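Listed after this line are the structures, all set down as structure tokens.
In the two complexes that follow, chain A is the common piece, with chain B as its partner first and chain C second.
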Partner chain A sequence: MSVIKVPEADVSGWKCAACGEELVSMPVELEYLESLFTVELPACPACRFVLIPEELALGKMHQVEQLLEDK
Partner chain B sequence: MNRATESVCPVCLSRIPARHETVGGDTFLVKVCPDHGAFRAVVWRGDPGFREWSRPKIPSRPGTPFTKVEQGCPFDCGLCEAHRQHSCTAVMEVTWRCDLGCPVCFASSGVDAPPDPSPEEFGMLLDRVVEASGYCNIQLSGGEPTMRDDLPGLVRQAKSRGFGFVQLNTNGIRIGREGGYASALADAGLDSVFLQFDGTRDGIYKALRGRPLLERKLAAIRALAEAGIGIVLVPTVVPGINDDDLGAIIRFAAENSPAVRGVHFQPVSYFGRYPEPPADAQRITLPEIMNLLEEQSGGVMRASHFQPPGCEHSHCSCHANYVVIEDGGLTRLAGNGGCGCKPRPASEGADRAKAFVKRQWAASGPDLPMAGSGDDLDRFINRASSHMLAVSAMAFQDCWTLDLERLKGCCIHSVAPDGRLIPFCAYNLTSQRGETVYRGKCDGPVRA
Partner chain C sequence: MEAAYADLRARLGDVGLMLQCCGAPAHWAGRREKIGELAGTLNQRWRELGEPRIIAACPSCVSMLRQELAGAEIVSHWTVLRELGPPEGAVTPQEVLAVNDPCAARDDRMVQEDFRAMLKMMGVSFVEPELSGDLTQCCGYGGLLNEANPELGKRVSELRAGAVNEDWVTYCVMCRDLFAKSGKRALHLYDLLYPRSDEAASRPAPGYSARRENRVRLREGLLRELWRESGEHVAEPHETVAVTFSDKALEAMETRRILKSDVQKVLMQVRETGRYLVNDDGRRLASFRPAVVTYWVEFEQDGEAFVVQNAWSHRMCIKGGQP
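After this line comes the complex of A and B, so read on.
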């Protein structure tokens, strides 16, 4: 699957608290119940800590989670 | 490896000790009746192994048990206070008439059928389901329910009383034949059809149902798709008859996605009168179905994709979910979170199964217009929500294979005419001579 870009993942104004680096957009692998999604998300270029914006977590990621919920 | 349990004697139906004996990769239920001798029937062949196929549950007792423990399992069903699982599905037989006389039938339908329950009696039985199990999923069964001209009225009655998911178990003959019938059922609120669909060749229907029915099945599928009723294909799998057609059934289901929502295989079980016990060669078990699906799908499906159930007893079923992608191929959608080895409350599994079935086995909503808007994640969400195909298999138990541990965890409950809820395999249990424990012996009236 190609890299998924989501408009919610806006990097501007975010800085890594631990490293002090400006976050940059980079492809991040999200795994849920053995399904893998590569999504471009803000992350710290130094420690690779990823920011998942609240809108994404409560929006599309929640929808994917519901789709993958099983019996 | 031996696992002790209890079963019944196939001849006299007395409760007797039993054990599971695994030899090589095959597991047998072995039991001895003091009066009628030893019995041995295969219940599991091959990998994944019988012992590993486990998803333990903490028993959830019925909220309102209708019967006390007096004679012990399986003779106190109602549900009794010792039952270990809530109802996921209440099966309601609305007629015992049938327009087919199949050699394989749980209900021995069609011969000297008693009168159909009246709409009032049906309503009283719905009240009993609410009292016992709340608003669980409802399956209207029979007999062949479409023999009743007032079937849409029964669907409407169940929906208007608040049951969120109503499914019809049918051979599809009337639905395919009678213009406007599927839409009448849809207008009444029917969510889903459990369509008897044994294969993609007419020879299979001739062998199992006594006549060629493929064209009629295709007509039913067209009518249901047009009416917006979710379709689950339900093949009864019989060794030597249609066990070579499982991959073709999946391909057919994928071609007919999203109208077809799932395929639910039922390995043949033996109810009714059998002068001789069925030979092991006449049985097919869950791991064999998983492995045949892997072989016959060219490896697109894998036996390892399948998971044990969170609702019914582990050894009763398996399931895996796929998305039908644009070119008609399948992509596996999900596994279960975690190892499934930590016991969870049974009722939690029942609630999840009810919600999954309600969502997946009903028709998908209209596709959202995506052209020009949305990203890849949106497109994935859109495709997966409309084109998921749920593949499952459920092994029913007959008098040779009955494991009372499994029966105690059953979540598919037949609603007897007298208002008792009876685990499906107990309700349909017959001795080798065809004698029943419950069917025909709890004919009502509804007991309050």
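After this line comes the complex of A and C, so read on.
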């Protein structure tokens, strides 16, 4: 499965407080209503804590959730 | 609510109190199994209580309960009050008000008339809006419109709220709060019958979190003071998290249906695990998924206390150990 890239996920300046690592872009699996997506998202390279920015959650992610709910 | 209940006890004698949802929101959402469950519980409790007459103030409750409790006599609080007359301490505003019938009373001539008769008995001057009685217009809440399509709900609210120049007076709490939310002065008839403030018409709508907390407090207060039962609400661990909110955060939470308790769960997670993100500019960000929704909270920390700046949520689940 191909990795989806989203411009909203381009965030800088965030660090993982627990690990002290800068977030880096990496493929992350997202699941909703039995659909699985691999999306490139900023995450901690050590503990894989993922950042879902506000614009992404309320924008594209919300649209996909609604599409799947209406299916 | 407490004053209305005290008034009924004082003037009717033995009156019990049932604090439970009638199921109208589940009905509007098409959740039939949920309604069936609820009707079962209601019927059982009603029988255990000796099949008493039921008094309900909300017109949606009246119509739902009539469907769910076959054989029960469901009477509107306004019918009861019309017989009893207004309670001592009821106030009559000087201004002319406009009457609003809620959707659930559209086909209920009796409750429409009881409401107006109460106002007349109290000497309240009122006018009818263009769309009234059987042709009354929705406040934006009916059918969960405001939840299913907030933008359209807002337009419907504003349309109805702005249909008159006078302050509204109504007998549905959702109509009252949605008018207030769109910036229109509005009263519930309880505000005149059981007054608590001179400025009831401009009281802001409580919002999701406060409405929920008010319900919990009402139950606790009644159990403690009226029934002397120690139904003391045991605080959940997350409820002990000290938190304040910026105006921006409060607005975001209200439009995004995020409760104070959801935010507290995220912050408790921060306190317990120390897992969150920190930005060069000082912002902190954490997430938590208590059940099916993942909540994100942007915050600052002042010692033990959290100051919340923003919050958002999504339903899609992040795989792989995200809190």
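Here is the rule we use: the second predicted complex is superposed on the first by the 67 of 71 C-alpha atoms of A that agree within 3 Å, B and C clash if a C-alpha of one lies under 4 Å from a C-alpha of the other, contacts with A are read in each partner's own complex, and residues count from 1 in each chain.
By definition in this document, a contact is a pair of C-beta atoms (placed from the backbone, for glycine too) under 8 Å apart; a residue touches a chain by one contact, two chains touch by 3 or more.
Everything quoted here is computed from the prediction, not taken from an experiment.
S.K.: Between chain B and chain C, pick out the one touching the greater number of residues of chain A.
M.R.: C
S.K.: Between chain B (first) and chain C (second), which does A:Val50 come into contact with in this model arrangement: first, second, both, or neither?
M.R.: In the superposed model, A:Val50 contacts chain C only, not chain B.
S.K.: Check the residue A:Lys15 against both partner chains and state whether it touches chain B (first), chain C (second), both, or neither.
M.R.: After superposition on chain A, A:Lys15 lies in contact with chain C alone.
S.K.: Give one of first, second, both or neither to describe whether A:Asp70 is in contact with chain B, with chain C, with both, or with none.
M.R.: first
S.K.: Taking the superposition as given, does A:Pro7 touch the first partner, chain B, the second, chain C, both, or neither?
M.R.: The first partner, chain B, only.
S.K.: Does chain B (first) or chain C (second) touch A:Lys60, or do both, or does neither?
M.R.: First partner only.
S.K.: Give me the intersection of chain A's contacts with chain B and its contacts with chain C, in residue numbers.
M.R.: Chain A residues touching both partners: 37, 64.
S.K.: Once bound in the complex, which stretches of chain C touch chain A?
M.R.: Per the stated touch rule, the residues are 256, 273-281, 284-285, 287, 294, 296, 310, 312-323.
S.K.: In the complex formed with chain C, which residues of chain A make contact?
M.R.: Contact set of chain A toward chain C: 13-18, 23, 28-32, 36-37, 44, 47-52, 54, 57-58, 61-62, 64-65.
S.K.: What part of chain B is in contact with chain A in the complex they form?
M.R.: Going by the criterion above, the answer is residues 307, 309-311, 319, 321, 332-337, 349, 352-353, 356-357, 375-378, 380-381, 384-385, 388.
S.K.: Under the touch definition given earlier, write down the residues of chain A that touch chain B in their complex.
M.R.: Residues in contact with chain B: 1-7, 33-35, 37, 39, 60, 63-64, 67-71.
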